[in-house]
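Note that the chains take the letters A, B and C in the order they are written out, and that residue 1 is the start of every chain.
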């Protein structure tokens, strides 16, 4: 990472003292996430804008027909591309990919791609010759912490919102029908992983943390940029609403007691439940509006004739 | 493809172990007294790792120095002959960088960094053979080499992997088992139940997590004891040579 | 001196049609004066201000613009964060991701080579820009050079909160005596404030928030420990509410101030 923000000791004092009293700078509770705002385009599939507090990002899902990998002839290809440019925050440098960015993109990959959130076998058209290549591009527009949570949330919304063109298969020939010709088909999404990031703060010294019995480490959910720059460690829990932990990642940082960890994973579960519900409600509403609009258009076209 | 039986109904695993048995754990410290400030060699089953620590030394890059404590630098190199399929691995592979950062952040907390301001401690790890539990072996090798280098640490960090086969947790997986089930790797601080490192990459049910962590922690305490034995053996050896 | 303001928004490239007569004209910030034909061109977008003195012999033209990046100018009052030490000076940062300024260790009241201030990285100081030559590093100082006294400069203690606002809002709070924001705030709480022209504001409500010492002190004064804690939470919440109110004040019109104040202090 380039130069991080320089936090004055005044600010860090306020943040830490606030945590001890259960107060955060933006008025949230310690275990409260920033409620995301989802936006999509009315007449396009697979483009999603997520506003996660002051963090903002876009996800674009696109599809093309390619030849599959030789060792996996029955599977489509799915990649996630995470782009964090200096646009998001001056702390990210142009052209150089920092370790943190690699960790972020690896985590999103693990959470979504490795966990088979997208059914790759359903993307196969002609074995060994033609499969769908689904690509999700994440662009971070504004950075205020919580990128992993926001990006994986965005990718999952975009995958469920996206429709790939319908195809008809004749032998080894594939005809891709345009969106006007035939109703496009949704991707088969097997489950919805939700990432929840916990940040840990140690109010006493590190010796107390390792040797002591107090366990007074403070854990908060969904840290902002300022809180992230102060944290002593973090844990990303990816979980879906079927009570399956998809991925756990605590890359070092403050040691945390197992019982605390179990507690946190239960908190993560309730958050995952509410967020996946939110996605479901949003997509249903969006779908029905789109349907209404389409029918209105058809009616108008009929009336004009 | 016939499915390999990873865990038989009789409770035996592919290599004949029970569910809570470790593989052979063999370690040596001070293996390279000439070329490094601290060194170790760890064999965890067929996974073999050499670790060399040099430092605290002057940072090669002035901008890296930190006046509040030592900068810890990890460098994992995976030999191309370490797996059955010979494969050239680049140093800048995302997975390797992730390993480096993970180890760096783990040991940053357990090394008393403030004792060594404006210095770098660099830890070079060489993977000679891989057979599962790579991150765990790397963690153990680093702990031993850092102890050998005489760098102040709060406690041991011992790593181990554990997987979930249906509902039965299995300790310390080899490559075959790793490819067939979800597993996690943990790093435990000393004899406590505090996790400084936790990595799980595949799905497991939330309700089985607790069991899995329980055997993993028990396993890592066992590893800690084995490492402690070796350190003490070596220390006694050196002490006996001292002129009284 | 009579002031005759002729405000209006100008944009770079605009023609400023002002008949200034024979009087001498000084170009202020945002104005370029062509040395050949004395033509006046605006170089930033903003509010045009023209000030004339009584005798109509001198004019001052400048543009008030709303920027977020601060460029040091001599005699500006700023709040800087100490980011490091360089030889005999502290490195001071005025904004995130901007060039460091230098604060000499002797630029404090009563400081000598032997008697130095003891500042730590991360602490904030109120200072005056003493030197802003573009060719060398800009410098700030923490004392009143004319008297040698502290003159209100120096360390801003850690019990106050620091936050960022737009530059013109900071100037407005600092120089506009008719600005209603602070007076309104004073009706809700007791506070101390320091405003830097680099857009940083230091704010402390009540006694502020002191970092609590771990264990030792809290067990000693267990009796008043609870009252201490609730007072601290109150100060913390009040300060944050006041900071939120001031941040919001940047983007509202004068008649919304009361409402905004109520909203910010609602939860207290």
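We take it that a residue touches a chain if its C-beta (ideal position, glycine included) is under 8 Å from a C-beta of that chain, and two chains touch if they have at least 3 such contacts.
Composition by chain, UniProt nomenclature: A = Exosome complex component RRP45; B = Ribosomal RNA-processing protein 41; C = Piso0_004793 protein.
Here the structure is a predicted model, which means the values were calculated and not measured.
Note on interfaces A-C and A-B: more C-beta pairs are in contact across A-B.
Set against the Cα centre of chain C, the chain with the most distant centre is B. With centres computed from CA atoms alone, A is the chain lying nearest the middle of all the protein shown.
Each chain gets a centre from the mean of its Cα atoms; for chain B and chain C, those two points are 51 Å apart. If you average the Cα atoms of chain A and of chain C, the two centres end up 39 Å apart.
With centres set at the average Cα position, the gap from chain A to chain B is 30 Å. Among all residues of chain B, none touch two or more other chains. Taken together, the chain B residues at the contact with chain A in this complex read 94-95, 97-98, 100-110, 112, 154-155, 184, 187, 189-190, 192-207, 209-210, 213-214, 217.
Within the complex formed with chain A, the residues of chain C that make contact are 81, 83, 93, 96-97, 120, 122-124, 156, 158-163, 202, 209, 211-212, 214, 229, 232-233, 236-237, 239-240, 267. Those residues of chain A that touch chain C in the shared complex are 3, 5-14, 16-18, 20-21, 23, 25, 27, 90-91, 203-204. On chain A, the positions that touch chain B within their shared complex are 99, 102-103, 105-106, 110, 114-115, 206-207, 209-211, 232-233, 235, 239, 243-259, 261-262, 265-266, 269.
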